[in-house]
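Written out below as structure tokens is the structure these notes cover.
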Amino acid sequence: MGTVNAQTTNRLSQVSVKGNKFMTANGEVIIFRGLDASDPDKLSKDGHWNKEYFETAKSWGANIIRFPVHPVSWRNHGKDEYIKLLDKGVQWATEVGLYVIIDWHSIGNLHSEMYQNPMYETTTKETFEFWRTMAQHFKDNTTVACFELFNEPTVQGGQLGVCNWQEWKQLNEEMITIIRANGGKAIPLVAGFNWAYDLTPVAKEPIDARNIAYVSHPYPMKRDKPWAAKWTADWGFVAKNYPVILTEIGFAGAEERGAHVPVISDESYGEAITNYCNEAGISYTVWCFDPQWAPTLIKDWNFTLTRQGKYFKDALQKAGK
Amino acid sequence: MGTVNAQTTNRLSQVSVKGNKFMTANGEVIIFRGLDASDPDKLSKDGHWNKEYFETAKSWGANIIRFPVHPVSWRNHGKDEYIKLLDKGVQWATEVGLYVIIDWHSIGNLHSEMYQNPMYETTTKETFEFWRTMAQHFKDNTTVACFELFNEPTVQGGQLGVCNWQEWKQLNEEMITIIRANGGKAIPLVAGFNWAYDLTPVAKEPIDARNIAYVSHPYPMKRDKPWAAKWTADWGFVAKNYPVILTEIGFAGAEERGAHVPVISDESYGEAITNYCNEAGISYTVWCFDPQWAPTLIKDWNFTLTRQGKYFKDALQKAGK
Amino acid sequence: MGTVNAQTTNRLSQVSVKGNKFMTANGEVIIFRGLDASDPDKLSKDGHWNKEYFETAKSWGANIIRFPVHPVSWRNHGKDEYIKLLDKGVQWATEVGLYVIIDWHSIGNLHSEMYQNPMYETTTKETFEFWRTMAQHFKDNTTVACFELFNEPTVQGGQLGVCNWQEWKQLNEEMITIIRANGGKAIPLVAGFNWAYDLTPVAKEPIDARNIAYVSHPYPMKRDKPWAAKWTADWGFVAKNYPVILTEIGFAGAEERGAHVPVISDESYGEAITNYCNEAGISYTVWCFDPQWAPTLIKDWNFTLTRQGKYFKDALQKAGK
């Protein structure tokens, strides 16, 4: 298939924020539940950036899919080539009826421009330009429901220098200004420190912008069981006032390939987090719909389910009814 | 002609600021009225970076000419080669008796380092280094009367991120510090936001430096007619306390080649702006003394006049008497 | 000799700060007195980055040697190759019993990223990454006693832009945070403005970190004779509360090769500075243990002494007894 112009086929209803909910243009509340793709560039090289991938996600009961754009892939492809990849994905998502999150997939300290490893290297300038480009390109596209501004902010205990909440807040507010001034209507998703786990500063100093949502990545080992009260204190409380979406959740059994801190757990985590989200109306996407990026949902490209694959496919299908 | 050392031939009287006036070393008030060249690099490639160009400008009645140095040209040539171009122009200007403004011709947000298009890309570091270089190179040259620090500051309604007046003020003050510490005696010209139109913040928070002047670019469509009261409120009031120079004015008839927002107008604009300047002792240079960069003053390299060419040549000649 | 792993042979006692003193792990106060090497890269190209170099330094009575890592050398070699040079030097230092200072040898304004000349060009990002790398690499190495964060901070009277103490303090504190979070146990050395001469701001606004020391470079011409009271006011007073180390002192007779401002003086300077240090328990290293980098301690690679070579070798040997 040739290049797809994402601007031309808009079949999904525009999503916006109403109070602490995501809402479609027809006034229906929508709770996002879906899957985290691996980088479109990676999927493309593997030969799986195709409609089947999106059809399968849809068949699991997902209503949204997240594309993690790694800065290094963005630079290596060049903006024009990478946008072609995104356009294809957005087109397939539109055709099967999945919303899309575009996620600037860096990990580290954007303020000091130090990162967890070279794959995540970027600059404030490049990040701002990425959002200028995305805003202009997907301006009138309603499939692209959310722009996740920066995947996982962290100073890594100081290894990546210093960034305080005011500085982080200001960087996010500038990205939001850029997106909106350039016509972007997707909902900006804002994450907090500790690898996007911690939203406690939102209580006193929320981002100064409307029509946004907050993100947490509450992998199982971020906190000891029982989780619920801690989750509420750390990020769940935000859902009282704003839409919240957990753009990365997931677990791997200790015996599974790719098991690593902080994701090692079992089905009890799956139950805890999905119950927590269902009760509070919180959205989520599960990491990762790729057989190589752990914790994986699938063992191979026949989409053979892993432990969490079984759990979350079932959860999505129940929720999708 | 070979390389000219701009340091050696100084025939024009050193200009400085006295109250709200430009003044020569002999104590005469000077109001600058002149022309905006296109980029010396562009003129050189076209075969018109030559003494005839300066002689013609002088014959129109100009007493100053402005060189817009585009960051991309500066980088592509390399500092040493670009300085040779400048030196030639400054030498011809000196020979015919024209003062020179060196203008760092970027458009955008220097604070966030986002620009209107790639031609204007620069960095704070590159901008500071440019002024360090200019200050050292033209230290003892009196022809180079003004250093225009940054052509057109704008956040483009947020498309280029965020910059407040305090941040912009601080950037200008640091440039002025660099220029003076490196021996530069040219008068720094400071512009405001909205593509160098708006000087309202100067009322309460002027730049903290002496011997400077302010810039506005009041193209006709920045405001609806009648203009005078609006101009006074937006930038003209500054002329009570500081020298003001409009380093870009000009118009194109709607029917003329290159007519575009915000320059479309007619001779009534020419009359309004020149009368306004004459009454308030405000200096100006007219964009653009090149047949390709609109609004153009000339139609071709025979210096055939456009509509504004006729108007402004006449105005310059009257004023020059 | 092949690549040396600096992590494996630790024979020198870990140094830390106790009150205003450097102290070894066995609780002995240590006053550092030693030599400033030239850049390991330069010495390596000259064929003198070898054990003899360290044995000679030791034979003079030194207990420490400082490696000035020039940013341009760091970049040109690449991190991996440059680290091999450092590892060799640290190994030889360990073998002969010399502590090591690793010095990020830039001169200029890290805040505005403007430098005295191209050799000293770096960025905040590169500087932070340098310390991340050093901290991780020399984590368990006790020979590397000190990390000198930035050789000579200066705005050169505004030629390099603007930096106030609060900005400089914050940059140092962020470097210290990075070093410690990455496991670095070497003592951070902090310098003040005026080419690392002036520590007066420390009186009211010391760096907010423990286990650090302060640096001054009181070359003879920084102040007129008599020096002592001025030195106390400018930097010596700091030694009441913190360890102080003069990581560059030295003089050249006016007749000697390489004599330049601010180093021209004679043996009276040597006497004054060594007496001053001895009385106040201040550490020092002498610039430069290389026959080409002035003021030189040696005339040639036979280690023939210059005037200051004679003076300081004698002073080190007396102090070493």
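Note that the chains take the letters A, B and C in the order they are written out, and that residue 1 is the start of every chain.
The rule is short, and it goes like this: a contact is a pair of C-beta atoms (placed from the backbone, for glycine too) under 8 Å apart; a residue touches a chain by one contact, two chains touch by 3 or more.
Everything numeric in this text was worked out from a predicted model, so none of it was measured.
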Seminar exercise, completed: Rotating chain B onto its identical copy chain C by a Cα superposition takes an angle, to the nearest 5 degrees, of 120
Problem set entry | Same or different contact residues where chain B meets its copy chain A, judged by the half mark | different
Problem set entry | Whole-Å separation of chain centres (CA-atom averages), chain A against chain B | 47
Exercise. Which residue numbers or ranges of chain A touch two or more of the other chains?
Worked result: none
Seminar exercise, completed: The chain A residues in contact with chain C across the complex are 112-114, 156-162
Problem set entry | chain B - residues contacting chain C, complex | 124-125, 128-129, 132, 173-174, 177-178, 180-182
